[in-house]
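The structure appears below as structure tokens.
The chains carry the letters A, B, C and D, assigned in the order they are written, with residues numbered from 1 in each.
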Amino acid sequence: MTSVGIFGASGYAGLELLWLLQQRSDIEIRFATSDRFAGRACADLHPGLLGCFVSHNIGLDTPCDVVFLATPPDASKGLVAALPSARIIDLSNAHRFDDKSIYGLLPCFTSEQRHAQLIANPGCYATAAILALAPLASLIEPSVIIDAASGTTGAGRRASEDYSLSELHDDLFAYKVLNHAHTPEIANALHALSGQHFEVTFTPKLLPIRRGILATAYARLKNGDARKAFKEYYADQAFIRLEEKAEQVRLRRVVGTNDVLLHIAVDDATGRVVVQSALDNLLKGAAGQAMENMNLAFGLPRTTGLQGLKVQS
Amino acid sequence: MTSVGIFGASGYAGLELLWLLQQRSDIEIRFATSDRFAGRACADLHPGLLGCFVSHNIGLDTPCDVVFLATPPDASKGLVAALPSARIIDLSNAHRFDDKSIYGLLPCFTSEQRHAQLIANPGCYATAAILALAPLASLIEPSVIIDAASGTTGAGRRASEDYSLSELHDDLFAYKVLNHAHTPEIANALHALSGQHFEVTFTPKLLPIRRGILATAYARLKNGDARKAFKEYYADQAFIRLEEKAEQVRLRRVVGTNDVLLHIAVDDATGRVVVQSALDNLLKGAAGQAMENMNLAFGLPRTTGLQGLKVQS
Amino acid sequence: MTSVGIFGASGYAGLELLWLLQQRSDIEIRFATSDRFAGRACADLHPGLLGCFVSHNIGLDTPCDVVFLATPPDASKGLVAALPSARIIDLSNAHRFDDKSIYGLLPCFTSEQRHAQLIANPGCYATAAILALAPLASLIEPSVIIDAASGTTGAGRRASEDYSLSELHDDLFAYKVLNHAHTPEIANALHALSGQHFEVTFTPKLLPIRRGILATAYARLKNGDARKAFKEYYADQAFIRLEEKAEQVRLRRVVGTNDVLLHIAVDDATGRVVVQSALDNLLKGAAGQAMENMNLAFGLPRTTGLQGLKVQS
Amino acid sequence: MTSVGIFGASGYAGLELLWLLQQRSDIEIRFATSDRFAGRACADLHPGLLGCFVSHNIGLDTPCDVVFLATPPDASKGLVAALPSARIIDLSNAHRFDDKSIYGLLPCFTSEQRHAQLIANPGCYATAAILALAPLASLIEPSVIIDAASGTTGAGRRASEDYSLSELHDDLFAYKVLNHAHTPEIANALHALSGQHFEVTFTPKLLPIRRGILATAYARLKNGDARKAFKEYYADQAFIRLEEKAEQVRLRRVVGTNDVLLHIAVDDATGRVVVQSALDNLLKGAAGQAMENMNLAFGLPRTTGLQGLKVQS
């Protein structure tokens, strides 16, 4: 029995993680904190959940085998400092590619989880982008473009008119153009995978739906067979499915699961490569991948607790 | 040239009214107030609008032929007291069926606008419900049920997580059951139209779209020919269209216009009557009807400035 | 190990049932037919499904312990005739309240499944409506109104412009007013539960979302304590949850689960009762309830295979 | 008074054009054909429209000053051949960049409409893409990427399960990757504007909403000041608005209008340029631009009949 605790369990990613963990009989959940909802039943926020949210301090005082941080970056930094002896999986971007943590993008970075004390769980957009380009990182020119759209849960709970349905419904727009926090994360990962220094142009867009990311990555092939590289790199990898048609890489086929769908198109005349990548931002993009990392950290199969999830058909 | 001012012009109904008024060459807009956006260009909130929002105090100090109040009820009460000599059209529910105002539900209550100093513009749900039942008010038993669903702009601008797209998308629920402020308004109007005292059961529901109300009214016929009463009552009435099929009374055929679509079904065996009623909550349900009332107040055709609006097809 | 077959497995309810059955280790699925997709992988229609659709004739030739019919009513009639010795659960409305079948609305009609040869699985709207009124059936006047809205999967797969996103998005309308096939089903069930002959007025509406039904039932209390009757009738009943607030009975809290949320409001002055009822039309409204019936037919707990489903939060 | 006829008036672009034309008092509409709806009232498809659809043959036999073809490409080719003396504006892609027609992308190609017999009205995606890149065509390397998402009306009326709301709702996917018919149109226009031969990589995506295109164009600056080039190229151009923030280039601010919103971001370190471009696919992307072309063809101001359209706020 592995004991776990969650800080920030009332956010969208935290709730998803809490639900995943509560389905498992091999996990004991010692606490799920929420500053805002401490004392209230978890089921108030998500039907079917057991137990109540507790305060931050109760979390700090309760030892467990692994702690998940589904908190904002500053809170994550504070918790890592406050819990020096805990094994931690941080879902925020506070520790990605720093020297304290390992980077848990799966299946690209799988070797060190077993002994890591701090695992930086990847960003949702970054996961979609990096999985689209990882097999090609050494074969392409080091300048890539990623155009990606996400449902609104990626922005977290927002008590803001700007995120109201009246303002966002039927809309679409780009934001943080040339300026999104996931851009260096993508560049760092591609560098780690290939040794090349990449120029990454990343444009995130807000979709008027709740869940799901569709990312399209554009690159130019220097040499090699891109399709073959894709098939070999992802051969027999859990949660990754290569599709024959771009039209099959669609949100409705991944939302509700930990899967990633990918499609690669190559223009042989020009070397232009266009990759589609779809995932659920709250599962593979956050809580699902965090559970994969926990599984590896404790020597379990990576897929434990993540199979049999249902697409929201 | 009629001069007008708008208090509360940055809300959804206020903006809609401002747009309608700016299209007219016979109207001079003297001010459009917004506590929150004073000093900012109106076009920031709605592309194509001219001018800037001004402060409440500028509105108070600027005389004009008619003042629209697109403010919350308490603010409307204060403004009516503060502007004793102004002609006022109040879009809030502060003055409906009080003894200071006339009730401007059109075409049911049309006789007094020409000389009224204070016109209480009807509520959006109430407009849909009353238009569904007005022709039958004397023919039915005085107990009716109204089940109505509205887009989220009916709730106004909301900086609240509860109204975020992440919470409301793909959802539907009833609220204020047996307890909505429009219930007595509907009962009062039906009483005024028939002399009967009505028991009104009204259930509002929140739809995950921006605009539009579909109301279904249930009544039981005491005597008379309900279909004929409908046709005669609404013969040649602007903005009212009787449809042959219930399926034609749908939001997409009214949103963006000042029209009301109606369908009546009668079960001849039981006398049960079921009426469908659809309108745009921001036009016929608010700003459009307010402009109809202004037109009547100044002796203009009721349809001035409200024709040629386009459904959001 | 119970062996099962599904006719009509490529429709929305059939796919949902196939997915539920494939999660169970105590079920052997012998066939899943589809006229249209025979020979194609089930995963083409719903990611994660195993196996291929087979032809109707293969289904006819393959014996199994129980056969599910997720077929249109005429096809269901033909299959019941063609399979005289099979135990059958029919999801269509071909056999509801006829003399060959038992009616499987759960938990209201639970006694006979163990020995039934033909179980008529209830309609989706009917399930929502009957569960809203069953505890009150003997306490109310026998005239009820049900106003219910459903997502589009309730209409099945449609290759029709009328059901295209371009036509239905952001829309809402009533259809089959005073004329829907579930109306007598509701009346029959209320009669069976109370002995009273009911006049049922039912208005279905099409929502621009995929899944979920919200039904509101209106009745008038003759005598008794409606709230108490509700609590007692549903005490400890699986899948039924009584909510304190009408606002909690909402689609997003049931879609993806087999749950039913209910809320009752009573106007003590008039005896008017308003009940909210929400469920997922493909689970409790179709495939989930069919699996409940199968469980009872084979002496299993009613909840087997239906717990731990996740709301589409 | 200019007399006009429309072939294919019952499609989404045709209906939009018919509505625009019916608002004008200087236009006489001689016919609006529809193979499928001939004999039916236009108001059946779009409330507020006058008249009835007529057959193809009536269109062929009715002379008028200008004929609009809102027909599929093959039908457009046949009509151009069948009407050798008519002035024609073809909304299909049958004649774009052939030697019979002029290309009517406005304001980039404005000189020849006055005397043209055949005007090829641009594609919706192509309009968004070309307007995003036209000011830069001579300043950038001739290799561009365009990632664009469109509402479903861009695909026309579809009686197909694939386009049903049940299949498309909450979804997003790319289609015709490296293979869309608008790709050479974009390349041809950029060549005509700059003399450079462009490699165009274009990825269209289907959004689960009705109207609107958001296109993002990626280029690399060779020399010059991209922001200044933008401001100068579009100075005082009707319908074009340059926004300060990418977040302001959003569908809800253009849908329902003939406007195009643009935003340019430049990474000065790398020369990477990212342009956002938003328009309504049925107005600026089809019927609105066709009316602009008609205005120019008859010596009228380009904006006639296209001002005062309302965003679908």
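Details
We adopt the following convention: contacts are C-beta pairs under 8 Å (C-beta built on N, C-alpha and C of every residue); 3 or more make two chains touch, one makes a residue touch a chain.
As the structure is a computational prediction, the values presented were derived from the model and not from experiment.
Chain centres were defined as the mean of their Cα atoms; on that basis the chain farthest from subunit D turns out to be C. One rotation lays the C-alpha atoms of subunit B on subunit C, and its angle is 180 degrees to the nearest 5. When the interfaces A-B and B-D are ranked by C-beta pairs in contact, the top one is A-B. In whole angstrom, the spacing between the mean C-alpha positions of subunit B and subunit D is 36. Subunit B has its Cα centroid 46 Å from the Cα centroid of subunit A.
Counting only residues that touch two or more partner chains, subunit C has 12, 170, 208-210, 255, 312. Contact residues on subunit C toward subunit A in their complex (touch as defined above): 12, 15-16, 19, 23, 46-48, 170, 241, 253-257, 259, 308-313.
Against subunit A, the residues of subunit B that register as touching in their complex are 12, 152-153, 155, 157-161, 163-166, 168-170, 208-210.
By the touch criterion given at the top, residues 145, 147, 149, 167, 170-175, 177-178, 199, 201, 203, 205, 207-210, 212, 214, 216, 218, 246-252, 255, 263, 265, 267, 270, 272, 274, 276, 278, 312 of subunit C touch subunit B in their complex.
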